[in-house]
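Provided herewith is a single structure, encoded as structure tokens, for subsequent inquiry.
When the chains are written out, they are named A, B, C and D in that same order, and each has its own residue count from 1.
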Amino acid sequence: MGTADSASVTVRGKDLCNDLLGRVDFASMVYLEIQGRLPAESEAQALNAVLVTLTEHGMTPSALASRLTYTGAPESLQGAVTAGLLGVGDVFLGAMEECARLLMTLDEQSAGSEDERIRRLVQERHAAGQRMPGLGHPVHKPVDPRAVRLYEIAAELGIPDTHRRRMERLRDVAEVVYERSPLPINVDGACGALLNDIGIPWQTQRGIAIVARAAGLVGHVWDEIQRPVGATAWRVADEAIPYQAPDGSRD
Amino acid sequence: MGTADSASVTVRGKDLCNDLLGRVDFASMVYLEIQGRLPAESEAQALNAVLVTLTEHGMTPSALASRLTYTGAPESLQGAVTAGLLGVGDVFLGAMEECARLLMTLDEQSAGSEDERIRRLVQERHAAGQRMPGLGHPVHKPVDPRAVRLYEIAAELGIPDTHRRRMERLRDVAEVVYERSPLPINVDGACGALLNDIGIPWQTQRGIAIVARAAGLVGHVWDEIQRPVGATAWRVADEAIPYQAPDGSRD
Amino acid sequence: MGTADSASVTVRGKDLCNDLLGRVDFASMVYLEIQGRLPAESEAQALNAVLVTLTEHGMTPSALASRLTYTGAPESLQGAVTAGLLGVGDVFLGAMEECARLLMTLDEQSAGSEDERIRRLVQERHAAGQRMPGLGHPVHKPVDPRAVRLYEIAAELGIPDTHRRRMERLRDVAEVVYERSPLPINVDGACGALLNDIGIPWQTQRGIAIVARAAGLVGHVWDEIQRPVGATAWRVADEAIPYQAPDGSRD
Amino acid sequence: MGTADSASVTVRGKDLCNDLLGRVDFASMVYLEIQGRLPAESEAQALNAVLVTLTEHGMTPSALASRLTYTGAPESLQGAVTAGLLGVGDVFLGAMEECARLLMTLDEQSAGSEDERIRRLVQERHAAGQRMPGLGHPVHKPVDPRAVRLYEIAAELGIPDTHRRRMERLRDVAEVVYERSPLPINVDGACGALLNDIGIPWQTQRGIAIVARAAGLVGHVWDEIQRPVGATAWRVADEAIPYQAPDGSRD
């Protein structure tokens, strides 16, 4: 992925000092690492917006895991951050990845118009009792303001909208088939569609979330160092969860 | 550490099938991995007792980190367990390691009788405002029943008691110097001293705790799969910890 | 999972000091954590044999990951060990888990005799182009000596052999259907079947491997501290893997 | 760290949709997470340059640990990335952190001019047999081109140069005291000094490296998925490292 001699460093086919440093931002470097090419300016801006969106979600299970780990092992900041990153998995990211994957599969299905393929996809999931990922939110109603903003930004940047439009069609069809309206596109749906539109493979979108969340967790651990709350989290959780003996009796 | 041919497997100089399987227990294998030799029967029994002591400590920060990680990433049991293990660090294990290390340093100090060296050690820590590790407990009073039992077991097994006696002398001197009595030997002090007495280097005692705690955390994750409480821990912690803006204002 | 008052500690419904310490070995504690009950003596012995089998497999990818991590972060033994444990996943453990799961599914299939169900299972996998897990070994021929020894030990202990016999039938049928003979039961097949026979749920067998491998990795890190080879692993790997630019050109 | 209602999300006192998305880049978000305020444009550019510098260093121990972990556990991209991040520790980052810390301590020492304090610092380390961190490089001679470029960028951006100048004085004095010339400022020295100059606390600079390296490791794991080399790394490392029995005999 990189090589060096006495006077230069080459990273992914680019001269680090002359082509990258001072010329491209970190989001472009993230893009280069995954795609093997530098992004267009508009693609870099869009990736920045997604990274900013995913950085900080408050006192999540990941943030708590990092803080609790720090209370036991303050010698290793990297250990505390990674404890939180290990929770960036199927549940936390399921909806974004699944959206991105479903939107990609629409390319592979040959039969029928795109509209017919979208209808079939929604009907099959509904018949199978599966939720449509990327739609609906328990708090943000009637729309998820982050999804609205990401769509605005992408339009302003002139990013091709193949997957964002598909996501809108999925929403329209799902509102009818699932008989729930409104069923707004949420942050997961918007991020997955936009990352697809700038060419990030759905298999690596989890990696985008890991980079963003790493920054958020560094922030949480630094906050924990200055304002410890891990012990409070421990105490209230311990009090709220009763001891249960193997025979089912509780304390 | 191991090698194999078509008919046999060699691990640490032992024939796995003929020398180890069915002949030694897992604690002996742990000992072999660290010491490069099999333990005597009494040493294996003592190590079993320490491992059993360290396995399960209830709803600790480590257990919570494992359960919270599982809620986000149920696809990886190893990720959930390791998130908890990352908290097995300086704070959690500080007292046991520090006890073991201090007890070892008494060998290296040449001047004076052992009793004089112990007095000097306690007085220096007291003068420096440092606590004596391995002594005292907020809940277990006047004695820590686990420490008492580990001492009993070690005596029954006939384990040499060099470090356990030193630990008792440290306690006697500390009760006078720190003017706190009783100041019982706690589980950390008993484990560190006993592991020293069976020849486990203090630098690897953290590894003994990792093995034991791995078993405890597997139990917690399996319990989490059957009786999920991670979401409860998240909710109560999130409620108990106020949002604080960078200017210090709270929500 | 545990609770305490001033004079006692209760773990999984047992009094730690009176029921467990000095009375049960660590393998029994592992069993208690997963099953919520103590094992019979024969079950504990069988679990010890499986744990000993899984502890050390030489310079595996996991061992290398632990050693390489230690070279960068020697301040955290727990970080080095967990880096290795994170590789205890679907590939490394796929065969053992899949064996255990397949053997369990034979209980659930109602139609036909057990023999008919086994034939159907093997034929379906063969038709689907899938390997049979737990059979065959590239080095150990004509038999895997660890599997042979685990079967012997289990028989000597009088452990019920429902799943071990099923595994033997699977082998007999697979040798015919896959037209490969001999196709010996390997260590994965023997461990999965034996853990089934002592009642360890297949979903937690990965946890058994984690506990065993944790001990092996502690041994590797301690060896790395005394006899560093991580730098050698780095150098030879770096030399063996050519730099490849995004356009496919190599250095 | 964040809070939300139906129509808005607040992160670190900022309205995510109106103040951050589309207005600030990801490096600014990293800065906000650590500092609690948004950076000036020049500070954001400087942080981008440091993040780009730290992203990719080729087939490092961290990259190998991630790739080896992926070969065993391909179900968890987050597990593979975190295995590599666990090696981002004292050795890998020691020089950058130590530089940043030493440069900060010059503020705290009251006696003498800054020049006298720098001389004293270098002489004390030399007398103690300690290396000066952030100086010299085995490959990059007579200068480290990355350090030169980072100094250029910082000057163009008009970043205050208190710590960069101190670093240059440290170099000048060290060349005399250690009798080695040239002893160029390397990438660690330049990054530590520049991060100090934009106000990143030295205790969190490890976090900056973690974020950057997370991106590099995502790139390595995605490359491993498409062009597997983990098995090669395993094979050559296993061949290069002889089995050694506990008695010291080798295979």
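Just so we're on the same page, contacts are C-beta pairs under 8 Å (C-beta built on N, C-alpha and C of every residue); 3 or more make two chains touch, one makes a residue touch a chain.
This one's a predicted model, so the numbers in the text were calculated from it and none came from an experiment.
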Request  = Please pick, from A-C, A-B or A-D, the pair whose interface repeats that of C-D, with more than half of the contact pairs identical by residue number.
outcome  = A-B
Ask   = Counting C-beta pairs in contact, which comes out ahead: A-B or B-D?
value = A-B
Distance from chain C to chain B - Cα centre to Cα centre, in angstrom = 25
Centre-of-Cα separation between chain D and chain B, whole angstrom = 33
Task = Could you please state the distance in Å, as a whole number, between where the Cα atoms of chain A are centred and where those of chain B are centred?
result = 38
Key: Multi-partner residues of chain A (each touching 2 or more other chains)   = 1-3, 12, 58-59, 73, 75-76, 78-79, 82, 86, 88-89, 243-244
Ask   = Given which chains touch which, is the overall layout a line, a ring, a star, complete, or other?
value = complete
Task = Going by the contact rule at the top, pick out the chain D residues touching chain C in the complex.
result = 58-62, 64-65, 68-69, 71-76, 79-80, 82-84, 86-92, 227, 229-230, 232-234, 236-241, 243-244
Inquiry  = Which stretch or stretches of chain B touch chain C in the complex?
reply    = 1-9, 11-12, 16-17, 20-22, 24-27, 29-30, 33-34, 45, 47-49, 51-53, 55-59, 63, 76-79, 81-82, 85-86, 88-89, 139-141, 145-146, 148-150, 152-153, 156, 201, 203-204, 206-208, 210-212, 214-216, 218-223, 225
Query = Which of the residues in chain A come into contact with chain C in the complex?
reply = 1-3, 10, 12-13, 36-37, 73, 75-76, 78-79, 82, 243-247, 251
